[in-house]
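The chains carry the letters A, B and C, assigned in the order they are written, with residues numbered from 1 in each.
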Amino acid sequence: MSKKSFRQAINEALRDEMRRDPRVILMGEDVAGGMGAAGEQDAWGGPLGVTKGLMPEFGRERVLDTPISESAFVGAAVGAAATGLRPVADLMFIDFMGVCFDQILNQAAKLRYMFGGKATVPVVIRTMFGAGFRAASQHSQGLYPVFAHIPGLKVVVPSSPYEAKGLMTQAIRDDDPVIFCEHKAMYDDQEEVPDEPYAIAFGEANVSREGEDVTIVAIGRMVKFANEVADKLEKQGISCTVIDPRTVSPLDQDTIIESVEETGRLVVVDEASPRCGMASDIAAMVAQNAFKALKAPVKMVTPPHTPVPFSPALEDIYVPGPSQIEAAVRAVME
Amino acid sequence: MELNREQLLAAYHQMRTIREFEECVHREFTGGAIPGFVHLYAGEEACAVGVCMNLSDKDYIASTHRGHGHCIAKGCDVKAMMKEIFGRKGGLCAGKGGSMHIADMSKGMMGANGIVGGGPPLICGAALTAKTLKTGGVAVAFVGDGGFNQGTTLESMNLASVWKLPVIFVLEDNGYAESTASSWSIGGEPVKRAAGFGIPGEQVDGHDFFAVYEAARKAISRTRAGEGPSFLHLKVNRYFGHFEGDATTYRRPGEVDKLRAERDCLALFRRQVEQSGLLKAQQLDAIDRETAALIDAAVVEAKAAPQPSAEDLLTDVYASY
Amino acid sequence: MAGEVTALTMPKWGLAMTEGKVVAWNVEEGAQVAAGQGIVEVETEKITNVCEAPVSGVLRKRVAGAGDTLAVGALMGVIADASVSGNEIERFIQEFRADTAGAAATEGEALRTSSVTVGGRPIRYLKMGEAGEVPVLLIHGLGGDLNNWLFNQPALAQKHTVYALDLPGHGGSTKEVGSGDVGAMTAAVIGFLDALGVERVHLVGHSLGGAIALNAALEHPRRAATVTLISPAGLGTEVNVSYIEGFIQAERRKEMKAVLGRLFANPETVSNEMINNVLKYKRLEGVTAALGTIAAAIFRDNKQALVLRDRLAEVTVPVQVIWGKQDSVIPPSQAVALPAAISVHLLSGAGHMAHLEQPQEVNKLIERLVASA
């Protein structure tokens, strides 16, 4: 056990699973880098270095650089999964779903159902999301609810290095297509991560703290902010439960409902856009199942319904942060 | 390579089964017994059978909207197919896929596809599996003249080329993408387009089983030997509309009648094998009777099969959830 | 100790504790308190515990109020003789704050465990304290780890060098357990002492760790100075195997909460963090298999496979047995009719985890036995 970054944690999970199972392969744009070029091989190790070192260990047969051709290689990952491999495809930015969505929406998600259960599609699509990187509208959105909307897909949004390693391990071992959404502003976050492989089950929320007054459900990077706020408010006499769903599909509804039944107050923090996002979904689910337990209206903390802006001045207003979460908690306590 | 009598009988059996199947689905659809959309393969039988006779169960194919013929040629169970098209329990896909998604992975049939151009990326994946696990298998992407213009097909041809995948791209150019003529919609020459990706190919008369078989044999053995992807442009015609119910007003009056009379792949096959003395008419007539009986029985069974139940709605979405 | 002013500071319980919250004071300002008396309840993410008065005297000032969260090492209260003036107390508080502004932060940092190789495989341990001649060794039970001693190790470390280890298959140690029986575990413990060059220890074992401690004292009599057995295995055949199976099988938070609740007289003792930590441990590769191997080796037909009761008299060093009266895993009736030389302590308000539920009492008993040796 030692302190590892979010980046290292994911790299370690990929490495361990590739060692364990020769059917696990990686593919994507520059997952090694330098393919066909005269200079350094493994030049990039992924756009932000997450897959660095894997090509030297496993070779070009298992770490495949691709042309910039998302439809082809995401579809190839799906087809390879259906025929016996366990591919991990790197869709660099989640916004690039636009150029390969059919292969995810109509092929990966539906093959098993359309084939009457006679296909298994154990593919993982890793993808970066999230604002805060000054990467502007086409490289920054929190689009995971789009995938959560699609039956047949599982959608993971890890909130810390420990979570990322365990959830990636499970994603690779899982027999269903998994969209694994990594917040790009978290790669350097560090915490204690066991050296041994371990898998975290899907569909079970992590309750990072238990309190009596307010339930905060937060997703991905927002979990850290929610815990910061909960720490601060604890000292001021407001005690919060913080729930990290880990997977937005399947969603651990029971843990959320049971907590709201105890606290009577709900704040949902989601970096996705507010319309048809996880926040609205969770709010609706609680309204349907625990309405009578509510002592205050549910508060959603989300960005405004706009694309992600470029200017740092604007992006900082766009991304939800601790101050908005604190304000929401205080509001439901009034 | 010469085909022996058994293989010739098998080829005719498959082509005739496809024809009977499609004619029957046409009748039943018109009679209102079949729900949804169906896209029929009649007229193109020599393409599917000529290619698939060079494949085994370890080889994969991905099909198009027009998938019944590929399914039968790849060895799928005809009665289960019929039940599937009727949407019944016991269907090849438990009644959940229907005509447009008919599939059987155990036979290497990765599905008809409701998305034009949906199959080629998947088939690159099947080929990657074969290459990575060294199964010796190849993968065939059937695309229509509509799918041939999709970005997915072009991206897949490029990926197969740069990864040197064991993929054979088979363009079944039946003259029309929906109502639009392929002579208008395909820019440039398909064989040259493939060559642009570094993929060798040839154009073949898709009505002629022997021509298709021979071209496919060469392409598939080349690809199976590790020389990278190959391409076939099969020029062919379909007898029915794009979908059942299509009035086909975009076709010349009498176009299909003329094709049936002059270019029919089954008639052509009979002529070739009878004239060369390889097979006798009685043998082929027996197959006609046998396949007709098989399809009749398939329809009776499909109509008698139970409807899926409400519980079936919720299964097969995930392996676990 | 007239004239002396003593600080009552936020304790450090467990590896990761950096701060704690004052839940309630049990005594008023101005009240006389005795050394070792539990005077303030402190809550951490792991568990709530009572913090003891370090010295006897008058609780002159409650610096932290109920609900306050303080860093480890920060001032909670001041104990002094009644003769010390109020001004002196105030000055003490201000000086303490000035002196320890930096120190508190340092103390709040996580304690570092170490690892030693035994039989080619890693054994993790935590060492605390440097005092005393013969160290104390704390051995946890099945499914536990060195963190189980969070309320005992710091207290004992004030007068002794105290080691807590993770048995094979547990915590940060190797997940290879060999045959997994008490003999194999004993060999690992003795190997651990050899690796550290420690000749003799005061053995303290809980549950399975109790059987290991007792077995070690029997097989390696020169290594044991005293033996403290807390709800030990090995004194009778009866054991609640359904608890063990539940623990091994539970994968989900809710199941684990229910299972862990059975360890305590008061199931509310099970904190969110305790559940999360056990789940983290159980997810590690090899753990479920290791626990299964150990369970298969130490239980037969729903009974304990190894009973050392008849051999207790062979132990020549002082032995004591501590048992929570509400233990529902191994029945406290097994503490009855032991050889007369063995002192038996049945504790109220404790289940199978007396060292967590009644730590002051357990610490006192260990100190007393150790002092008698």
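For the reader, a short list of remarks on this structure follows.
The criterion applied here is as follows: contacts are C-beta pairs under 8 Å (C-beta built on N, C-alpha and C of every residue); 3 or more make two chains touch, one makes a residue touch a chain.
All values derive from a computational prediction rather than experimental measurement.
Across the assembly, the chain pair joined by the most C-beta contact pairs is A-B. Averaging the CA coordinates per chain and comparing them to the mean over all protein CA atoms picks out A as nearest. The distance from the centre of chain A to the centre of chain B, with each centre set as the mean of the Cα atoms, comes to 40 Å. Centroids of chain B and chain C (each the mean of its C-alpha atoms) stand 71 Å apart. Chain A has no residue in contact with two or more other chains.
Across the complex, chain C meets chain A through its residues 21, 45, 67-69, 172, 175, 251-253, 271-272, 276, 280, 283-286.
Those residues of chain B lying in contact with chain A across their complex are 60, 62, 91-97, 101, 103-106, 110-111, 113-115, 118, 120-126, 128-130, 132-133, 139, 151-152, 155-156, 158-159, 162-163, 315-321. Those residues of chain A whose C-beta lies close enough to touch chain C in the complex are 1, 162, 166, 194, 196-201, 204, 206-210, 234-235, 237, 255. Interface residues of chain A facing chain B in the complex, by the touch rule stated above, are 23, 25, 61-62, 64, 66-67, 69, 71-85, 87, 102-103, 106-107, 110-120, 151-152, 154, 174-176, 203, 250.
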